[in-house]
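Next up: some structures, all given as structure tokens.
In the two complexes that follow, chain A is the common piece, with chain B as its partner first and chain C second.
== the complex of A and B ==
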């Protein structure tokens, strides 16, 4: 047990800490709300996390390279609308083609951001703040005041998110959640195993050193934005399938939610460190708080946002302190062991 | 519903009589040059575009050589954007601004500045709560009667007894807040509704995903909930979809204000057996006639003034019973949709 504990990386520890915070929160809300734990709670949270996990992953890729993408919500909304338009005029089109369309559509927006940030050398917070507004206004223009409604969409699309895939201990895993988990897992494997993706960390932790090591930092930043756009596009498709009714406000505020999930999930806002698994748990944590607060009778409608903010702060602080303590404690123990070993050797 | 129509007919007869006895309805003279803007809560919502179609129709009919622009803020910037557009309007020497207010009383100073610069401010759909800076409000329906209609739909869907919750738009929306108040009053005052319990009011911000999640949270929070009343076109369809997705339609029904084309499937499958709405094209048309009359000086905007609004007939400026010191023009009536008439209306 201690052996395993000692071998865990700080990121691994952080994930354990996050899980602990989530369990604590669940226990707290269970003590406050009657009938809190039921199979529905899992469906609720997994349903919205399916979308949040994708945008949190998208945001993580960009944050890792010391950038930020505030246009994510607009890209999700635009893709959802465009995909809805496309599929309602061509109801016969194949699912695979639609997925490809959404990824490419989102990636185009990402490429615009990436070009200006990486090659135009404009800070990403400014670029994406501008494109957030520009993409949203383009959507308003493109939509022509129409909205996409569920009855124009093919049944396979609107039924997909709620298809039960398998059930564990009475918890129903639905298709959208399982699909999102697969995407997050794939992104995790890519980030940890593939050399071009490892470069995201290098560029994020020290751009100069990365350049010296022969990494084309611009290309890396550009690809981070393109990948992020593609994932946001996929989230847009998921959004369309789940909600069916798309107006021009679709995805509004997702940029902040994605940043919150990533940061709560332990992704360093200054780049260079973090995991998408952490971002996924961050999304779960934020959603647990959000879903539970609505049911907590003593928090009124108007205070919920503030309480949500406070709880996010609290969980991040707890998590940071906890992780730091654990790392320090482990280092101290390792040090003590080395000392002891040295003393043993020194003894005649 | 029937009573509203009869009342409307009686009122029209009385107006007609009054018109004969005193002055004829003012016939607005077309062809006068005045530029106006139609300012919705934000761009990209179907009903506001319908209002614009109605206004454009009236604009052509009156052969106004000036311009009619449909200008609105983007969704994420609704409140600040509306105030900004109103502020700019004051400097552009516009004849009138037609406003569906989403900014509460925060827009009043800008509206007063516009009035001082000679620009009339006609509100439609959603008024300025204090009426400061507002010339007249074109009310789609009597706000009190919306309360009665919503209470009646709840009564019929719940079979006279049960728990209901309201899923509204934004906490700042003056029209939704007034309707909810009117419904609460109806529920409290009439013994017919004594077994209907309003358990909560929540806000979905007129966003599909927020409304969807709020609707599900309501079901979790109140195990005995029988009805979600959503007086917003975005909220009602999000709530209906949420109940349908989770297979809850036999337990929790949805009602409120919705567009037939967006609600038809939910009405036919029983998730939203009844809902109501008025015609937004007519609302835009009537608002334009009112604004044109005021901007060209043919209407003074005084209580008791009656004028002819083209194809829609005669309307009179009256005191607004819901807001002290405010003036309104009442359009009405509205239609209650159910299985029998929703399919025809959706086409």
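== the complex of A and C ==
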């Protein structure tokens, strides 16, 4: 056990801890709510996670570079609406083209943010706070107060999220969830294995050193926003397919949920460290709480948000305290080992 | 030296607005030489480095590499042409591990990372510079010396023809610094042109083949090190003949004991520290990095309470548990880390000086009396010779020496009885060092008492009345500085001999 404890990176430990917390929570709710575990629970959570995982991943990319994207909810909403509009007038269009459209559409919003943050050198919290409002107002203007309704959408789109792909232990994995998992996995592989993506961590970890090391920090930050926008666009499509009815408030509050999922998932809010797998688990945790509290009789609907907030605070606080201790402890041990080695050398 | 220089600056000038940081600078670097560059802070050394590494473009003049004029547009362009630099504050990525740190800027390599071969090459590079390091560790947990090794390995990971080392040993212990110099020499032996910038002149004499002195952005002299004397070099640097800055001054210590420490221990950090500090005395603490001198100071100042032992301050038994308590008793602590603990860089000089004594500037309504605050700041600027046109200037734009003086001013404004100063002259130039020494001397002459932590042995000998030598958390002895020598202190600090 101690061997495993020593070998695992703090990130790895965090993921294990998150899994444990999710399982404990599920067990807790199962003891509180009759008939908690059923097929519907899994499909509800997985359906919701399909969207959350995408926006958590999008947010993670930006946070890694020591920035934040508060406009993500507006981008999701706008893309959902625009895609809905497009597909209801062209119901025969190819699905691939629609996916591409959503990615590009979202990426354009990301590029606006990225340009101002990276090349205008304006703090991202200010830029995206402003664009959150601007993008939302543009959506109101563009939609002309109308909404997209399910009956105008082609059946292949609205049916997609619920298509069963495969079943494990009676749990039905549906298309939306599986697609989101694939995207997250691809993002994870890219972040860990692609050279240009490793620079996201470098820039977030020490921007000055990145500059000195010949990394074009501005381009890295810009790319992070563009990629994040593309993922948010994809989340918009997912949102459209899942809910069908899109109003101008679509995606409202997603900035908070995405930051929460990323941070609960162990992404350092000051940049430089974190994994999208962690962010995915963070999204799952947030969704489990969100979905289960509705069914828990003891807690009224009114308290749902507060409990959610408290749990986020709790998990992040214990997590940072724990990780900090671990890092300090490991450094001390490495130091002791080095000293011992030096003494060994000095002796003969 | 008729060979083609690896890198040359030809009549390079660089101005920022009205001020000329470099004027008509000429420098030739040849393969296989260690070329030291010395000059006071603000002489233009960092501007010169930034031009050689492509961060700045010269306003006029030419940079040549291998005899051909080049335009270095950015650090990546310089890196591709074989120019790399390492700095006093290591530029590592704390969240990435050693391997990733080494290869982060790898250009021309494939898109997909091959972790296993990267790891192997990282180990080889670390081995090549004679270090042992776990390449999977995160760089944030490494010591400064190890972080610097990572930076050198990063430079070596690509073809390197010119390696610029900017004050690389300023934060290292003597042993680590010697190790680094060995690395620099071996790189030069393999044909790299090494530029070595240091404030430690003895180091320059040990390592360099040639020395270039620059002053006020201008080239003053370039000579083989054998033809230079320390006094001549200092005269070149400051532009006037200076007396030995190591001048020993007479002690003004009195009989009254201000601070008496017996068996002070913080479990696992340091143990059994005992000394008496008299009014008007300067007690220096010497030792290598890792001797835990700063930890002792932090306990005296109440940051980390001691776990055993006793402390008497002005005859009263005290248990120091917080900096606020220490400050209330008239103890001030000037930290070694200006950036992290000492100064608020974006704030003006005025606010920094009044920071620790803000209560003195409050009007009856509880508002800050700016005029009085400004008056104090101007008085200290005058007294400490802080070179800044106005006290409203942000501290961050001052040179290191002037920042150090602002920090001292902040604590002197408190009018403390006991001043604890940690590495007061690290990384500042010879002239500013002498000024800081004078300040501490003036402080004790006026009835203050000082405890000075310093790794600069000539400084310890010049400043201290007595020298407390520590090694690995233990007090090795207290030496009267009149009878001490650098070699003697070093022998005690490294555990080679007992204190007399």
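Annotations for the structure displayed:
Methods note: the second predicted complex is superposed on the first by the 310 of 348 C-alpha atoms of A that agree within 3 Å, B and C clash if a C-alpha of one lies under 4 Å from a C-alpha of the other, contacts with A are read in each partner's own complex, and residues count from 1 in each chain.
In the analysis below, a residue touches a chain if its C-beta (ideal position, glycine included) is under 8 Å from a C-beta of that chain, and two chains touch if they have at least 3 such contacts.
Since we're looking at a predicted model, the values are computed, not measured.
After superposition on chain A, the partners chain B and chain C are accommodated together without colliding.
Looking at the shared chain after the overlay, A:211 reaches chain C, while chain B stays out of its contact range. Looking at the shared chain after the overlay, A:273 reaches chain C, while chain B stays out of its contact range. Considering which of chain B and chain C touches more of chain A, the answer is B. Once chain A of one complex is fitted onto chain A of the other, the partner contacts of A:330 are limited to chain C, with no touch recorded for chain B. Contacts of A:32 after superposition on the shared chain: neither chain B nor chain C is touched.
The superposition places the C-alpha centres of chain B and chain C at an angle of 130 degrees about the C-alpha centre of chain A, rounded in steps of 10.
In the superposed model, A:318 lies in contact with neither chain B nor chain C. Shared-chain residue A:85: touches no atom of chain B or chain C. Taking the two complexes aligned on chain A, the least Cα distance separating chain B from chain C is 34 Å. For chain A in complex with chain B, the touching residues are 35, 40-41, 43-44, 48, 51, 133, 136-137, 139-140, 143-147, 149-151, 161-162, 239, 242-253, 290-291, 294-295, 297, 301-302. For chain B in complex with chain A, the touching residues are 42-46, 48-49, 52, 74-76, 171, 201-203, 206-209, 212-214, 216-217, 220-221, 223, 234, 237-238, 241, 245-246, 261-262, 264-265. On chain C, the positions that touch chain A within their shared complex are 53, 55, 74-76, 78-79, 85, 87, 91-96, 100, 104-107, 109-113, 115, 132, 134, 137-138, 140-141, 143, 154.
On the side of chain A, the complex with chain C involves touching residues 192-196, 198-199, 201-202, 204-206, 208-216, 268, 272-273, 327, 330-331, 334-335, 341.
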